[in-house]
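Below: one structure, written as structure tokens.
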Amino acid sequence: MANAIQLLADFGRNFTLSDIREQRVDLAFCKAPKEQAVRLIRELRDDAGYTHLVFLTNTDYIEQGIFTLTYMLHNYDARHTLGVHVDLDRNAAEMESIHNLWAQAATYQRELREMYGIRFPGSPRLDEDFCLEGWDQIPPMLKEFDTAAFSLERFHSREGRGSVDPSEHMKTLLYPTHSDEPSSGGS
Amino acid sequence: MSLKDLISPFYVWQRAFEKPYTQKRPIEDRPGAPRYRGFHMNSEECIGCGTCESICQNHAIDMVPVEGLEQRAGDSGLRPRFDYGRCCWCALCVDICTTRSLHLSNHYAWVTEDPDAFHFTAGTDAMPWNQNSLGYRRDDDYHLLVHDRVEMQALSAEESVAGFDEVMRGYTEEEAVLEADRCVECGICVATCPAHMAIPDYIRTVRKGDYEAGLRLLYETNPFSSTCGRICTHRCETVCVMGYQGDPIAIRWLKRAIVDRVPQEKYREILGDEVEENGKTVGVIGAGPGGMSAAYYLRRQGYAVTVYEAQARAGGMLRYGVPSYRLPDNQLDKDLEYIRSLGVEMRFNTQVGRDIPFTQLLDEHDALFLAVGLNQPSALRIAGEEHPRVLSGLRVLDDVASGKDPGVGKRVAVIGGGNVAMDAARVSRRLGAEVDVLYRRRIEDMPADPEEIRESQAEGCTLVPQAIPVEIRNASDSNQVTIVWGEAEMVADDKGGRPRPVLQEDRMHEETYDCIIAAIGQGGQIDFIPAEFRDRIEFKWNKFVPGDYQQTGLEKLFVGGDIANSRADAISAIEDGHHAARGIHRFLSGALDG
Amino acid sequence: MNTVEEILDFAIDREQQAADFYSNLAERVSSAWMKDMLLGFSKEEMRHKGKLKSVKLGDKLLNADQHVQDLKIADYTVDVEPAEDISLQDALIVAMKREKAAYRLYSDMAANIDDPELKSLFLGLAQEEAKHKLYFEVQYDEQIMRDN
Amino acid sequence: MDMQKYALGPLPNDGLSAEDRDLFSDARPVPYEPYPVAVVEKFVNWVRANSLWLLAFGTGCGAIELNPLMTARFDAYRMGVQMRPTPRQSSVFIIGGYASVKTLKRIIRSYEQMQGPKFVVCLGICPINGGMYWDSYNTLNKFDEYLPVDLYITGCMPRPEVLMAGVLELKKKIKEGRADGANRYIENFEWYKANQKRVIKDWNMPDYNW
Amino acid sequence: MFEPNPPIDLSSGKYLKLWQGPQHPGITGNMSLELITRGDEVVDCKTHVGYLHRGFEKLMERRTFIQNFPVVCRIAVPEPTFNEYLYAAVVEELTGIESPPRAEWIRTLNLELMRLASYLMWLGGIGAAFGQSTVYQWTVTHRDYILDLFEEMTGARIYHMYIVPGGVRGRLPEGFEDRCRDVLNRVEKLLHDVEKVLFNNVVFKTRTKGLGHIPKEMVDPYGITGPNQRAAGFSRDLRKDAPYLVYDQLEFDLITATESDTYARSWVRYLEMHEGIRMLRQCLDRMPQDGPFQAKMPNVLHWEVPAGETYIKAECTRGEYGYYMVTDGSEYLRRVHVRGPSYTHAIALMEKLAVGTNIADIAGLMVSLHTYPPEIER
């Protein structure tokens, strides 16, 4: 949809939009600075017909030290979906709440608070447990949280398992001496 | 509220007269559907490659040794053991199974009070559903693996026969990645590779485009990577699990793909060139793949290595026996040059026994590695073989490699079915001759590589199987020669060996050629070893029988290569050299009991 | 040679001669390895001799009816001189040809004799020699003509 | 039976606040003693086996197959099975697959409120060894660490037919007097409680939910 | 728009706090409602979820793309195939694979069968919630007939794992079409019976009409989609608005209503079941009988999906179901977010609608929103 790009270009006069990308004819993405994002979203909702908040979610880019929030908005009349990205500092992740724009946003924000530790000041029931209860670790969706190791440590795994690597097994039985390890002297 | 709304619900009574929905005997009468994903079954085709384990997202599969199951080439002897406290019956293991041995039955009931009981090894443990004939199997038109090999660009038969340009052109980067992508990384091939190269690992480096890491991996087990990337007998590919349903991975070509992408100048930088001298010296007799491999690994460990070679150049059979359209000289040099650059001393034109006594070497060095190869062509030993137009295959190849014209003429008969015979035939084609290849057995018995046979045929050589040369006569033209051959009948070998040809005297043929090239086999020459050591060195027929680590009873002497193994190919010689290097290092550091 | 005993003695003697032939040749050859090989051949002949001895003692029987394969390699290879620089290939040819000659000898004798018992004995001996020949032919096929 | 264990005194109910502590019982549960006359016990077990009342608590995805089981097609009522809405009336607790930590707390509450004799049946792979969610941070891997289990039915999902087979197996076990999970729970009470409290970090209920 | 309910002083003694669930027969699945009542009237409601939280989005980040395919169907237990389809579609779009037409038809058939089965289950639920257990017995049994079809088509009753990235896992079994038609006929007959027994039932009508009215202006601020939205008078359906698979080749009507109460929502679903049967019959008639059903795939064991991000949605029984995925070119995805309609319906919307209703109607209201807890918390 060409007018989605046009629309973003129009908005670009009042907002600093970057990374505008059209994934499909009915789906585009753009990135807005944190300070402008909620104003942009409000205007998209009120003036541009993006009345449906599809979801709000977050992507963890641990390597770059950022979180990228995605506000997915949909315009029913234009049949167009727009994803607005907002980068947050991973170490001080805080974002303006949009629970006043969409009722269900409070739930999304509550989930993000629990799963990523992002704060949305003013959002209702923000610090209540959502999915977890009595959670005593770092937020589980963070990339540095190793769920398998945690599960093994806390919930244990049943005894009686153990696997053998085929090529290692064949080596042990068929050519055990063909290995450099015991004689690795020189270089 | 309407009257209709009051009465309408009583319609429910109508159903009282219908046949009840209830299943009378649900447990007994409802087997799983023919395609039901029930409990696992495994057939004898399983080779324990562990691909099922790799794909299982629940870590429900362990590969475990099974008692009474021997591991052999291409079978790890392991079998999948299932944890039914993990399995979700997605059947990805069935879809990915390389041999299609794994499938699911339509049995679905397992109830017990013991949570530790839900383990079993499919196919070997007696389970109640082992006889079920229904259940999920992969559809023939559904694949999670790529079964077709990426074919390598090659010269057409017309182009290739026109000269000595390399026939196989190598993979492009994109082709190499596509081919490497097919590998399931099971590692079954590693045991079959004589050098036990880290095949899945270096294939992964091709996929990732990290050729430098690939080169380092190759050199851990094989310093002739460029050579082997071209002319290896690739036994690994014969056991490749991808071969069960499609083409095996082109392991050899992928090795070449790595080497082709690393220029020789970068070898020393990538592989390193620092050697920490340890003050000991080792002599290597023969600069073929076995000798140079030993030299490389010994040098890496700090030994001062001297290689004694009868010929003027290194490479042995790789140089003098393999024509350049299969292995260009510069590729062999690429391998050799790096080995030499580490400081290996080369003594060319030095034949042990003739130019330097064996005992002197034994005295001068702390250990010796002997890999002189098989360089004595077997004679035909049929009447008339001394005819001047009867040439030896090795001589022809040697001449061509040294730039001489062997003078084969316009019509050539090659006798034999090994790689030397094929090469002699293809070289003769390139020199402009019509070529017949006479072979005593059937084409499928030929010891030559299948692609050599295929290519020689494509290039126009005529294969005449089951033809036993019986006599060579003078032809009417003194520049020609006539061969008499009889048809052979194949008889089974009582002791289980390959079928043997028996001459049928009543079916004889006569044909005249410009020359006959004999390439029926080769023997070794080790008369330079003094008789006094005879008792300590085991020798059977025409080969050494080395002990552990290629060591002989003469503790300082290690042997390898064609003259010490039955496989007689480059990669086996390379491993012999590497293994002997391990042995020598252990021996000289006192870790090996002489 | 009219009795079983005589014939067997003759055959035993021939095996001894063969063994001597190889050990004499072994004395002359220069290569330590060929010497060893030939001594091995000689030992093989002594084994044959031993077998015939036990036949004579009645411990073993010769089977005249068994079918022994004939690869006919001895037929189409040329005669070679057992020289002191003999190669493995030639040594095998010499050996198979000697066995072939022995086979011929016994076969001819069997053809020229009427006594069924003796005939059967000669045929049995012939089959023994055929087996020995097959052994050398197979080795030739495997070791020398690997590529053919 | 080691009565020593039950003489440990009242339950501490540490998780409760001081004022709440007075509202809950701190009595320890006592194991079931079979009737001294074997025939009577056998008869009673036969009765128990033929009247299995399931607690209507779909703790995990396995609950989806309870619908067909309890409706016309498979009709488990004919085996003496029926669903009950409250633990007080139920004798069989079906753990429908994976149990999250949050659900475990409710499972414990419900289980302890059930009147004996009571039995636990685990459906699917997840309670056995973690199943599909073996690496999840929120689901248990070995359910038998937290509550005693009398029967496991593997599968994902176990079909209604297997559930029926499971019911038959459970009946058999009860008739033979081997379904002693509830007693094991009480005999190893401290061990089970320690395991439960190890994973439930906000333990704010009495140590035994009478 | 978020409007907090007026504060309630529990200590005043006028109110009673009541937990409905998670162990409660009047709750859809494993979740709970924290209700505050004054007499029979609910004055405040809070939804509690997370009892089924398994952390799918985390688990999927550490599985390869093929390994995720069996995982996703578990996200929504009663309706797994929408997950399979959406996951496959997302991966296909990011990789650039196109599933062949035959697979697209089979997928449509599969999804519509799933919709029918899911609606049957729901129909039993709404019947049972208003005291009509007969309907529950009927519909669950008929759903089971559809599960039989799934079993022979896919090899499993519940978790089909059939729609795989690249296509589907196998052709339809021999004679499937006939058996499918037979089941459709039976279901159609049943639906007419249900209409007589349930929708024309004076009790059902009386209790559901006017219950849980969703005003039109609430729809967008609360993110309401699917039948809940259509019952409020919106003609919005992704199968029409953004046709995927072969929906643009199928004839079906968009069902809407205006009353926007429990009865209207139920009636919309009821009519959609008829449309579903209509579509299924078209699928059976027009589906290609040969041709490939799987695109050419790379070796799935180390399948690297190019870096990118996309969002794909489909109309499931409850509304807009969507997968948002971010990939970074490795063998693992960086982020996947599963957007389920129950998320908004069961929490923000339910908390709003419950206020002012009778406690006895809470179960029916809950069912009328058609929510699945496992899909909320994933």
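Quick notes on this one:
Letters are used for the chains, namely A, B, C, D and E, taken in the order the chains are written, and counting of residues starts over at 1 for each.
Throughout what follows, a contact is a pair of C-beta atoms (placed from the backbone, for glycine too) under 8 Å apart; a residue touches a chain by one contact, two chains touch by 3 or more.
Just so it is clear, the structure is predicted and the values come from calculations on it, not from any experiment.
Chains that touch both subunit A and subunit B: D, E.
Taken together, subunit C and subunit E share the touching chains B. Hopping across touching chains, the smallest step count from subunit B to subunit C is 1. Set against the C-alpha centre of subunit A, every other chain centre is closer than that of C. Among the other chains, the CA centroid farthest from that of subunit E is the one of C.
Set against one another, A-D and D-E show the most C-beta pairs in contact at D-E.
Per-chain CA centroids place subunit A at a distance of 86 Å from subunit C.
One simple way to say how far apart two chains are is to compare their mean CA positions; for subunit B and subunit D this gives 59 Å. For the pair subunit A and subunit E, the distance between C-alpha centroids works out to 24 Å.
Residue positions of subunit B touching 2 or more other chains, listed in rising order: 21, 83, 85, 88-89, 115. Contact with two or more other chains is made by residues 72-73, 102, 128-130, 132, 134-139, 142, 156, 159 of subunit D.
Residue positions of subunit A with contacts to 2 or more other chains are 131-133, 140, 145, 147-148, 158. Per the contact rule defined earlier, chains pair up in contact as A-B, A-D, A-E, B-C, B-D, B-E, D-E. Interface residues of subunit A, counted against subunit E in their complex, comprise 23-24, 26-27, 29, 51-55, 57-61, 70, 72, 76, 79, 81, 83, 99-107, 124-125, 129-133, 140-141, 143, 145, 147-148.
Those residues of subunit B lying in contact with subunit C across their complex are 376, 378-379, 381-383, 385, 415-421, 439-440, 447-448, 468-471, 486, 491, 493-494, 497, 500-503, 505, 519-523, 526-527, 529-531, 534, 539, 541-542, 568.
On the side of subunit D, the complex with subunit E involves touching residues 55-61, 63-65, 67-68, 71-73, 83, 85, 87, 98, 100, 102-103, 106, 110, 132-133, 135-139, 156-157, 159.
For subunit E in complex with subunit B, the touching residues are 63-64, 66-71, 134, 138, 141, 148, 151-156, 159, 161, 167, 169-171, 173, 193, 196-198, 200-203, 205-206, 292-294, 297-302. Residue ranges on subunit A touching subunit D, taken from their complex, read 131-137, 140, 145, 147-148, 150-152, 154-158.
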